[in-house]
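Just below sit the structures, each encoded as structure tokens.
In the two complexes that follow, chain A is the common piece, with chain B as its partner first and chain C second.
Right after this comes the complex of A and B.
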């Protein structure tokens, strides 16, 4: 009897460990515990809210990236695409004197257009997504610098200061928009026809085509959506800073990819959840934030972030191996 | 000690969670014999081979392996290779950017097997020596390949030979061939048999794994039959009896390998006219040239011909997987336009591909999702898909096709080949097709599942589906088809009724040659 209870208990623990979302929470907790030991007042709302609020910028881009990786491709343009979209938005406000809503729409439209370009090249011209999106990354960066002439562009005319400074529940509106996006994406991936198609194409594209799916269109939509998410991240940047600068968003695509990897999105495509991605973002951002408040040397920060991410990915693969062994 | 067996596997037991894959299996191979190993999918053959080959390391199973009387404990494939167990896997995995000789000696670029264990001192590869050794190896084993040939240009059969040569370069005492004939044409099979016989004469023992009984009868000296992870029986050549072997393999008797069909053939459902498809890589050359045929409701039309005659390409083109250059497709006498597989499915055409691994299934998914993905529109409300509707939709197919799996949630990667094929067919049927294209539907699956698939084809035909079937196994094609369209070199060489079709007449048409294939401008075709 006792034995049985014990094995039941370890079963539950194993199941918890095998759950991908909970698997990612473990390193987050470890990072938090270590930080608390070194800086006892870490576990206060001030720091926690600051982490949560700060994670939305990279988070929005990561949500788009995860769609692309799920479809079996890669998007290296999310960072610069967001930057360009932000610049367009700022230009619309300061130069063309448009009101808020058209500015936001222009921003999203720019992201979608870049996504469409990516999708068209990859799906219809058959180019590799690595090369295509690397190229569009350069194009976006070049355009952003050219349009802005290298100087920050203010969005003072939009009067968004109040919106940005508001603290609903001690967080920010952008944070709640981000949460809403996560939930919407989760519904899209797990509940809708498109979500099934996307995962099917990512899992085995040839088989999906054989089943009568239009893989080209499915991937094209993923690229456009990723462009929109990238634009949202650029929009957040612009709103937050009250201005946009072509130097924003550099290297964000790689951070987004790392967050996806940590968040349990299979690099081979076809698997993952948006909550996992959100937790991956949280882990990445927590880590970065903790190292900063602990006053770790900036260069050493990079080393530590790299090491800890590799460790969490190792843990994830071990978890999958365990899972596979249980499944056979 | 008697000099009897070169390789013995004694009481091998291999467990996976929930499955006993091998239950004290014994296998012994005599010096210089060809031992057949036969069994259904999921009988435990692959597991046993993986143990012999070191993929499942020593210690992960119970029992022992004896090579020439000495116990061996391979922990990886290199170990097994060094001990003298050569293994040729079912799927060819050649290095496409290297020559034949480089492929063969890639694992031994110092050529230690040739020079003994004398270590080569330079970091450079002695290509002259490599090509010489390769030539010798190929000649000694009667393998007809050029050591300098570009591997990309080899046919499937030649690639298979290359794989064998690579295994032979390590000078194995026992060579394991895992279903080597699955994708070979009959002339390639004959060549393979010659190589195997030659090996036997030179004293190398061969374990020959296959599904095909004819090959067992023709080639092997002894046959061991596995079923459900257990040894069932071993027959000597003189005791060979087809019925007995089949009965032992599947554990029941199949009275009727090819079940009778009572179908009423109705109106014409599907017709292609002058279908022409360009060669994807070679300019000004047609892969398919003016192919026309029709299929009626409840009829099974067999597309016959040799491998490479263009049968699969015709089907791919109809299904929208290859661009059509010219020609018309009619469904119910109305012309339809198919640009991609989505169009095909929307028009009521469904296809099962011969390449189950590539075009088959999403191996990350379970059975139910793989089945319903082809027709989510049927179960979605607005754009949303619920778990319950997936189960409701998949369950009837799962039951009807008798997929052997614990539940609908079982991942397809864990299923045997025959059951995977049933899931592929279920997915095709889920689109409620009027025209079903089956490209080698029984390739690489066991006798029991084959029989079930034949019954299914009959059932579909009696429900009025128009079926196009490709098969390279002539007996199967002859038994299952109502009418034959025989292809050769991208042309329709002729049509035959069931009554007039004989093996000889089919082969005669299949080997017809067409001149001017490379010049699509000239319409006339001539017999040789």
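Right after this comes the complex of A and C.
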């Protein structure tokens, strides 16, 4: 009797461990508790809202990245793609004097075009994804610096200041757009046929091709969507700063990949959820924010981030092993 | 591969054997770029320009040689640049801050990097973490760790007593600094190891097809870990050489080297699928990247396009490699 209860209890713990979404909640709580202990006024709305608002920039890029990782590839161009898209948007506003909507569309189109290029190279030319997206990262960076001449480009003419400064519910409009994107992505991944196909291609490409899926097209769409999400993150940057600089977005691809890994997206492809990614972004951003509040050495922060990445991926592989053992 | 060797064995059509090698495939565009640029801007082919280019190239070339080892076994290591920086900063911190003997400091710097390589290898091989993500983790850790050594003042090696190496590095032998010749020596040594020893054959066999190699009795895990350790070792040497050259321990040494190194490897015919690559190809590949970057500036492109050219070169090189592999399979 006693033993049975015990095994039941460990079963529940195991289930909690196996659930990636709950697995991330624990470290988020730990980070918050430690920070609150060291800095008692941390748990005030001022800090919490600024964490939530600040997470949208990396968050939008991460949503795109997670689609790519789910399909079993990797995208290193999201940071610079977003930067280029933001630069194009700012150019459209300041040099070509276009109104707001065409500027935003141009921004998204730029991102989609880079995504399409990535997808074409990976799916149709058969290049490996990281080398392709590394190449497009370089190309985007070169173009962004060349177009902007290294100087920030203002978007004053768009009059977006009010939109950015507005604080609905104490947060920002961009935050709510981000929430909407998360929900949309969740619907796409879990409720549509495309999401199902995407995960099956990521899980086992050969098997899904044999089952009659057009893996090339599915991946191509994922790359284009990732490009659009990257452009959204660049757009957020541009709107928020009121200008775009080619220095924005550097290294964002790495942080996006870390957020995905922390958020339970399996690096081997095929598994993950949009809410998990959102939590991963939240954890990463909370941690980064807390380290800054606690005045931890910036370089020690990098070390910690690297450690967390490795730990979370090790957790993921261990989780898979446990799952496999349970199935047997 | 067998075919080429058979041709070489008869020693009759030697020229054709050379023309058929992968290295020659990289050499051709290198010469092409140089000829075109020289035709448009004759001062491109000056001695000063080339010696400047090739002295800069030494460090990236050594890092690329290191990075080519994991690539040859079918893995990737993106932590190489930061590892180079780590070696340099540890060495200079020990000498300037700890007053240590220069040679001991160099050895400790290299040893620290060997540990990083070992960690990379263990994470990839035993924890089964995708190589890209695992080495990204060490990239962050090592990248941050480099800055933990700085003390708010410069680690200047030139004013250090008993530190004779910087003076040696300032001198030129046969028109080039000593580290350039050292690099050539290391490349020659690695070339012999890869092409002529059993160990080199094993390395390429593991990269070509891991299952077959394991069935043939090769300890593939050991070979893969060794590849990561060598990658860190050669990067550490590159970092230390740069630190000795500038005579200053800078924590930001090595930022961004990893991708230029991989670009050089890829352009130089190291297949990303593993199992193919040669040190000579890597050297030519890195030269090609540097010459191309230099050439576009001579041709009047904005210098800001340098990165973009690097990206284009890399994509082009991989495409070319794929095309060549497809052509080889039916034969």
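The rule we apply is simple: the second predicted complex is superposed on the first by the 290 of 328 C-alpha atoms of A that agree within 3 Å, B and C clash if a C-alpha of one lies under 4 Å from a C-alpha of the other, contacts with A are read in each partner's own complex, and residues count from 1 in each chain.
By our rule, a contact is a pair of C-beta atoms (placed from the backbone, for glycine too) under 8 Å apart; a residue touches a chain by one contact, two chains touch by 3 or more.
For clarity, every value in this text was computed on a predicted model and none was experimentally measured.
> Under the superposition described at the top, does placing chain B and chain C together on chain A give a clash or a fit?
Overlaying the two complexes on chain A (C-alpha atoms) leaves chain C and chain B clashing.
> Give one of first, second, both or neither to describe whether A:271 is in contact with chain B, with chain C, with both, or with none.
first
> Just chain B (first), just chain C (second), both, or neither: which does A:254 touch?
After superposition on chain A, A:254 lies in contact with chain C alone.
> Touch check for A:126: first (chain B), second (chain C), both, or neither?
Second partner only, chain C.
> So, A:36: does it touch chain B (first), chain C (second), both, or neither?
A:36: touches no partner chain.
> A:305 contacts which: chain B (first), chain C (second), both, neither?
second
> Please work out whether A:240 is in contact with chain B alone, chain C alone, both, or neither, and reply first, second, both or neither.
neither
> Is A:150 in contact with chain B, with chain C, with both, or with neither (first, second, both, neither)?
second
> Which partner, chain B or chain C, is in contact with more residues of chain A?
C
> Based on the superposed arrangement, let me know which partner A:191 touches: chain B (first), chain C (second), both, or neither?
Touch partner of A:191: chain B, not chain C.
> Where does chain B run into chain C after the fit on chain A, at 75-83, 93-101 or 381-389?
That would be 93-101, the only stretch with clashing C-alpha atoms.
> Do chain B and chain C land on any of the same chain A residues, and which?
Looking at chain A, the two contact sets are disjoint.
> Which residues, counting only chain B, touch chain A once they are in their complex?
Where chain B meets chain A, its residues are 16-19, 321, 340-342, 344-346, 350-351, 353, 358-365, 369, 373-377, 380, 383-386, 411, 414, 427-428, 431.
> Quick one: in the complex, what on chain A touches chain C?
Against chain C, the touching part of chain A is residues 74, 121, 125-128, 130-132, 134-139, 141-143, 145-146, 149-150, 254, 257-258, 261, 267-268, 297-307, 309-310, 313-314, 317.
> Chain A touches which residues of chain C in the complex?
Answer in residue numbers: 76, 123, 127-130, 132-134, 136-148, 259, 262, 266, 272-273, 302, 304-312, 314-315, 318-319, 322.
> Can you list the chain A residues touching chain B in their complex?
Interface residues on chain A, with respect to chain B: 191-197, 199-200, 203-204, 206-214, 216, 266, 270-271, 325-328.
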